[in-house]
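I've put the structures underneath this note.
In the two complexes that follow, chain A is the common piece, with chain B as its partner first and chain C second.
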Partner chain A sequence: MDVPFWNREIETADRSRLETIQLERLRETVGWALKTPFYQKQLRQAKISSPDNIRSLADLRKIPFTTKDDLRINFPRGLLAVDMKDVVRIHSSSGTTGIPTVIYYSKEDIENWTDMLARCLFSTGAASADVFQNMMTYGMFTGGLGMHYGAEKVGMAVIPIGGGNTKRQIKTMRDFRTTVLHITPSYLLHVHTKLEEAEVKREDLVLKKAFTGAEPHSEDIRKKIERIWNIDAYNSYGLSELNGPGVAFECVYKNDMHLWEDGYIVEIIDPETGEQVRDGDSGEVVLTNLIRRATPMLRYRTRDLAYLHTDPCPCGRTHRRLSRIMGRTDDMLIINGINLFPSQIEEVVMRIPEVATNYIIQVEKRGDLDHLTVKVEIYPKLFLGDPSQLEALKGRITEELRSAIILHPTVELHEPNALPVSEGKAKRVIDLRPKE
Partner chain B sequence: MVKEGKKMAKQLTIFVENRPGRLSAVAKSLRENKIDIRAFTIQDRGDYGLVKFIVSNPNQAYLALANLGCACALKEIIAISIPDKVGNFELLTSALAENNINVKDAYGFVLQTNLKGVCCLEIEEAQSAAAQKVIQSAGFTILKDDELYNL
Partner chain C sequence: MKLTQISVFLENRKGRLYEVCSLLGKTGINIRALTIAETESFGVLRIVVDKSDLAIKTLKANNFVANLTDVVAIEVGDKPGGLAEILKVFADSDINVEYMYGFVEKFSDNALLVFRFEDTDKAAKILADKGVKVVTRREIEGL
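Coming up: the complex of A and B.
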């Protein structure tokens, strides 16, 4: 098989070379981190007051973990390590408790991230002759713009169409002879069902590849995508805390994702004890970013569960491979590629006086897409007996949820005390999607 | 207009989920409280429905259902006694239409065939007084609360 390399020297560097780079960049990163109020405190705990205190990679483990809560508590500038004049990009994600998280990028940070992405895309065989239709949401998420930059760097013709409007997506694929897609797996399956409606046949399209990401999916889903579309589909992994997409990516062999170890240090830990698991065992993925100055990130707990392959890949790359994400250590739901915490819904529901405090979140597949239903109970004392009042209430809840969580849920009204009351820790999520 | 000391008729509206067993739960509570049902209608709204009742004692029924935790409401309606004769419903509705009065919801039932029927109207509060005047000018009798409950 033809194995293309964006940077053969680094991608095939031996272990000791990679570790030398990691140590050098870790020291640099600790130096940047020491400029932020948050990491000054964290590193003081680990008795690290200068990059010189990092003598070996093992010293990384002295540093306390960083969590999503840390990012929230220190919003908006507690992890900012450079002057604002050196920041060229801000990405942010909506908060689970109303407080969002933010990541700043310097010019060099964007360049580093873009280069990693170019490496990812190139390793699948994508090249400058390709036409790249970016069907991921742009905006404050990293998925859209990140891949956009990476694809441009490779030299592909980028169509920044963004998410949604399926018929237009299909026509665009045809009109511009799109060869490569970036898309969530569920949406890619859904688009296939709309070909006929758009009056476009598969033969009218010259699609070759899809980069699927933003939501965990099984090997079976990949095979289905490849079969019905007759394309190659490559899995990808990334999160904004670690720049965004491009942390790990599949090569032409499609046997899980090379995690770029010159850019990130990966640890797999037992989420209960925080201890490292044995080689090859699954656990929580913990990542340290080695290539971002404006918002350093040391030992970030991703809450994603996965393992690292121990056997080498036939492509010759030395960077270890991360498995598919097997689950989460928290209650985060991923719905059509959008991350959702039940607490975000709770927050909206609780501030509407006409609904009671009990609610249920139900997720199911409708066709290939996820569908979210939020069931709430009406509050009897504020019921006026008017259908227009109830429809207005539904509309208001739908609209408030939509602006809070971006997804468009169906809202169902229920009788008071009709929803199951949960004792102790609420079990308010019913996920009816088939387990993979 | 409604005579002094007499009140407008009340309708009991109950929010019920659209699933088996909900109506019977409401019916059971009414029976346990010895509430007699004069008329009812159901509005289907998809995931839920609104059941509207004319009962012998709406206040008592409301309290009983509210006690169960039901979402229910008492609403004033205009209950009209209409002779059961071809054309009478048109007479009523055209009188309202000529006066630009909108009917939000309505239902009717026959008490004695060829003799007597009842029509219940939900009218926007701001138009209620005008509507009552129009209805009476058209020659119909508006039933007071106890008249309706004790049909």
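Coming up: the complex of A and C.
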């Protein structure tokens, strides 16, 4: 098999070389981190007051973990390590409690991230002759713009179409002779069902590859995508706390994702004890970013469950491979590629006076896409006997949810005490999607 | 002059309407008129019963979401054009009908219809002025 390399020297560097780079960059990162109020405190706990205190990679484990809550509490500038004049990009995610998280990038940070992405895309065989249709959402989400930059760096012709409007997506694939897609797996399956409606046949398209990401999916889903579309589909992994897409990516062998160890230090821990698991065991992925100055990130707990392969990949890359994400250690749901915490829904429905205290969140597959239903109980004293009042209430809840969580849910109104209440911690999420 | 209508919220669940009717039946309450306003995901049952105070108390005690609304029941000639005749009175007097439905039974040669008006008091006054026969609470209870 032809194995293309964007940077063969780094991608095939031996372990001691990689570790030398990691140590050097970790020390540099600790130096940047010490400029932020948040990490000054964290590092003081670990008795680290200077990069010189980091003598070996093992010293990383002295540093306390960073969590999503830390990012929220320190919003908006607690992790900013450079002067605003050196910031060229801000990405943000909506938070579960109304407090968002933010990541700043310097010019060099964007270049580093883009270079990692170029490495990812090139390793699948994508090259400058390709036409790249970026079907991920742009905006504050890193998936759209991040990949856009990486694809341009490779020299592909980038179509920044963004998400949605399926018929237009299909016509665009045909008109511009798109060869490579970046898309969530569920949306890619859905698009296939709309070909006929768009009056476009698969033979009219010259698609070769798809980069699928932003939501966990099984090997079976990949096989289905590859079969119905007759393309190669490559899994990808990333999160904005660690720049965005491109932390790990599959090469032409498609046997799980090389995690770029010159850019990130990966640890797999037992989520209960925080201790490292044995080599090859599964646990929570913890990542340290070695290539971002404006918002340093040390030992970030991703809440994603996965494992690292211990055997080498036939492609010759030395960077270890991360398995598919097998689950989460928190209650976060991923619905059509969008992250959703049940608390985000709770926050919206609980501020509507006509809604009583109980609610249920139900997720199921409708065709290939995820569908979200929010069931609420109405508050009897505010019932005026009028169906149009209830329709209006339903419309209001739907609209408020839509603006808070981006997704468009179906809202169901129920009588008080009609929804099941479980003892103790209420079980409010019913996920009916088939388990992989 | 005015009658009490009971509205009951019904979530979209098999047997829910049966449960309301069966509860009223067991309590000895007779339904005089009914209609269901439905949407794709829920319904609102509207009823006029012989013992409305008892009915609302019973429904609430059994955790139904229920509410009272003023309506007017009118006798309409049971013949072609009978309804049109009465609607003309409303149209001429600028009275808005929100909704209407028929009785289950009748106690004269006339048909009985329940009307919900935008402005019940105004409608009641016009009806009295025009000498339209309306059904009293006493009549409903003894029907």
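One rule holds in what follows: the second predicted complex is superposed on the first by the 436 of 436 C-alpha atoms of A that agree within 3 Å, B and C clash if a C-alpha of one lies under 4 Å from a C-alpha of the other, contacts with A are read in each partner's own complex, and residues count from 1 in each chain.
We take it that a contact is a pair of C-beta atoms (placed from the backbone, for glycine too) under 8 Å apart; a residue touches a chain by one contact, two chains touch by 3 or more.
Just so it is clear, the structure is predicted and the values come from calculations on it, not from any experiment.
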item: Chain A as common anchor, with chain B and chain C clashing or fitting; value: clash
item: Which of chain B and chain C A:415 touches, first, second, both or neither; value: both
item: Which of chain B and chain C A:49 touches, first, second, both or neither; value: neither
item: Partner chain(s) touched by A:230 [first = chain B, second = chain C, both, neither]; value: neither
item: Overlap of chain C and chain B interfaces on chain A (superposed complexes); value: 378, 380, 383-387, 390-391, 412-418
item: Chain A-facing residues of chain B, complex; value: 11, 13, 15-17, 22, 43, 45, 47-48, 50, 66, 69-75
item: Contact footprint of chain C on chain A as seen in their complex; value: 378, 380, 383-387, 390-391, 394, 412-418
item: For the chain C and chain A complex, residues of the former touching the latter; value: 5, 7, 9-13, 37-39, 41-44, 46, 60, 63-69
item: Residues of chain A defined as touching chain B within the complex; value: 378-380, 383-387, 390-391, 412-418
